[in-house]
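For reference, chains read A, B, C and D in written order, and residue numbers begin at 1 within each chain.
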């Protein structure tokens, strides 16, 4: 293996791609060989992004079709769903880490149902590794195509999978209330994304039907050993980054303290997943800009139920950071490489 | 009855008291006779509050014990819980509208359990009218002591009571996820209330145990005809005003569309409660600064459940506005008097 | 005159037009006869705006060319510059209050220079009354066409004109630093207006060349009796509403206390312009949502200079509120009609 | 010299101290030997700060008098002015980097005038190096006591000193308008620092008299070779971090392009000071969380004047980052060590 891996980021003009570039600048063993973004091809990152105005050394954006993929070790896909799947599926030399939704669902029909288009490359689905690093790292060492989980599923599954696998919670009755910063909506020019529409306002969206549902259900279903349905209601709150999930679960014989214990043991050696001290509730300020996930468990007011809470930075652990963590696992490096920075607060 | 009622506001140096003063300025039949705030006695409202800097005509704050209650028609209590209960309970001439938690719970023992102090005036509890205007207005005409509901209970009960009374939802399994602006935490000098601690951050608090729980349970219990327990998790989000509730309910034979229909009929004539068009989710921007409550119903992803959503301005419909609405009902005036202003957006 | 004047708002899908509608709802002598917005024609205000979701009684938007202008008393123009000038210039029956930049500059060549297009209706320029109410109300009674000042010029001129007229400040050396909320940039779909681009960020824009410069210079030039040039640097800060100006002026023989005295006398009877107590600095929180302007004067650190500060709500006193104040003056009504509401805080 | 220097941070419960700890975690040659904060002694950083909740390895806070200063290489003072001066002045073994205002002004009488107390250790003033790294690094190698500049002076002096030294601007007529995030006000429990008081609001403060004035004047006076007075008006805007200065200067024969050229040459080799492309205005988003300073020059509307703009993160380049940069210079290390991270955006 080379001393430094040569990477490309497709979609470097979006928030996810840009955060990947930001993190990559602090990674000692990566070299950015190419940045792509068709609509902005020819522009410098410092023109497209304020935070790169003082980082003139980055490559200019180029068109995706101008990239020599054979000269690369790793290709990161940060494109909208369905936009890059065919291209990524055809890459042979480089290993692919996709941050879009394209290779997360294993069932092409389900993809078509939730995303409204036929899957562009169904033949690669079986092979794609669902890159929730903490729970799939065994498969990453040899993976050629990694599908990074969605931001909400990352938090939900880190909170719930160990509990489901341990049989401590029931598969039915799960209700997830999620709060998200605005960057999750992307950099698209929509009225709903304007500052004045969002400041001093909280709203629910995708109520009863959000594209991250089937992804959560797919992975929880594996853990429970049978199909499950989860309630999931995301809310948009006036901040740029951060995601907070409060999950109501039905206890399966266990007590809330047992849930704590299961999570404590499961994540004892994990550098990025932290169970908070008993009685302390998560805040997105605990993770902003970092790859951390913080978890907590509380007894619910309703007997027989518990509350599991999780906070992540949607652009880092929920996207670009986890992608880099996956790369580290794929390369056999320490998973924390380039991801050690503490959160930024205030 | 006098052409203008003479009112006093106890606690005019807090957010709730100040918003009551703001609304009162637009009410044609009220005269502010006295404003009280012991810690700020002697100061002008324009010194204490930026938004009254250009409203020099308001009375200066005085000490509570300097007020001649016999010269008043209405006393509004905007003091912290337990701080004003004894005083308010002893007022004889004026009618009392209390915005604190003191007279909401009918059971003094429950008050002591949740608020950590013995109830200061248990003998008045039986008489206090729980002032959720839309659902108790019949009792307001002759009320001498009105306990305005908490902000979260206001939104929760407007969403749930008609459904409970109609038997359309089950008493068990209710899970409320609530988002609140920071003003709900008051103007106290706590590190947790500082700008830098809250900006760009979302957090949960009071998880599993929040003082608004027993109040919601008391009123839902009446409607269901038996004791209930509700899950309720409040979250703090970086905005000043507004409250958004997403309630997961278990259907009792009904379909989500039935829930819509029940709410539509129940609130058809109400000036301040609005059921949104099907498929539209509430946002606190719909109500900021106004006495409105907006509601919506969605089918949940989990069969047999539904989602009921509600948004209010915590300081208006959740507090000062509802207090004024109660006053209008007590005085036999149109309930909208002084409360007609549209929300402020952006 | 009719009991209620029939008005139309052209551009009701923009922030200015919407705030005019909001204020109009609280005005006792206006009737909204028509709302126009070509791109949204057919839609209800409650679909276009969150804060009208609970105000279903408003007219739907229609196309401008569908409006019967002969049936109207007043037409408010809230369109982008140059977009409505020709139409407005051709209206004969109704009186026109234009909130755009089109009729502010008296010199068509100057308009062309700063706005990049020939003036669409130069023949009406001489007749247009520059609607800075406090300083031009004598001309409003008979005005057929009123050009409401820009938001920055409103604050700048309220602060400076009395001082210039009194000869207390020098025409040279004026430097205006302005801070503005984001709503001043309008509701257009530009990347720069997205929440994530603006939150937690302050920036300067239009540095050295902003379209409000010639307008300020035109009016100051009249007061000084000779052409002037002013430095003016606007900054964008992460809030929706509000404008704060800090103006460095060179004293012409006067002392800072003299400036205070001039402003105090000039605005003693004005309902919307308030000189703050000595030593108190303006904040936009003092005026949010209201038609107030607050002013202050300080000695500068540099001898021979002073600082004059002003805060307004850019959408109210800086736009829709002043337009309504102008209407009141045109109709011979109290200028405060419909504008009495106190600011919203927090 | 040791492989790793042992440092202590006095005042680790304040924003400046915490940001120093955050940055130190990414510095390869520092070891945090002690963290002090008397009011919080005994507590873990993860209890005091959200962003350290997932960083359990940090030392607990201890009382200042419990620290063995002889075992340290470097002591960082992050205490309020006058609180730590005597202690710091008495430290003999370790080198001291003070982030407070105590050793910035060389004249003890001036300190007393502006800070309202006699200087606690005037005998060390002559020796203290004013740690504006880019302009004083020659003196840092042997410095025992470094006084880090204030946040506003850092930005102002980086923008102005090279121009003053080159004789390109006049010493008179300087007017600085500054915008600052709230963290500059510290973590103290003041009503003015509460979220609800600051959100959606911009205000001026310290108008005509701010403690950073004499510091700016002291350093500019050195450069100009004679005493100067500068106008300086800071404004508080609703964001946590970031500082933006717009400085109006009078040209001394030079053209605005000359100013650009002077800055370009002066900072060509500096890793943290960047002149933006012509026509581009600074934004604090360009520097958030990083040690960068971005600069720009524009022609002013008023002939003979120019505008120089600067943006920094007040907690990093304006405080903790510059302190670390100074440490690097003192130790003979690359100045960028531990400070390479790109800004966080959005």
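We take it that contacts are C-beta pairs under 8 Å (C-beta built on N, C-alpha and C of every residue); 3 or more make two chains touch, one makes a residue touch a chain.
Note that the coordinates shown come from a computational prediction; the quantities given were computed from them, not determined experimentally.
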item: Comparison of A-D and A-C by number of C-beta pairs in contact, larger one; value: A-D
item: Most distant chain from chain A by Cα centroid; value: C
item: Centroid distance [mean C-alpha coordinates] between chain D and chain A, Å; value: 36
item: Euclidean distance of C-alpha centroids - chain C vs chain D, Å; value: 38
item: Centroid spacing, where centroids are CA-atom means, of chain A and chain C in whole angstrom; value: 45
item: Where chain C touches two or more other chains at once, by residue number; value: 15, 50, 182-183, 196-197, 199-201, 238-241, 283, 285, 288, 346
item: Partner chain C, residues of chain B touching it in the complex; value: 15, 18, 22, 25-26, 49-55, 182-183, 199-200, 240-241, 272, 274, 276, 280, 283, 285-290, 292, 294, 340-346
item: List of chain C residues in touch with chain D within their complex; value: 172-175, 177, 179, 181, 196-197, 199-205, 207-209, 213, 229-233, 235, 237-242, 244, 246, 248, 281-285, 288, 296, 298-303, 305, 307, 309, 311, 346
item: Chain A residues within the chain C interface of the complex; value: 15, 50, 182-183, 187, 189-191, 193-201, 238-240
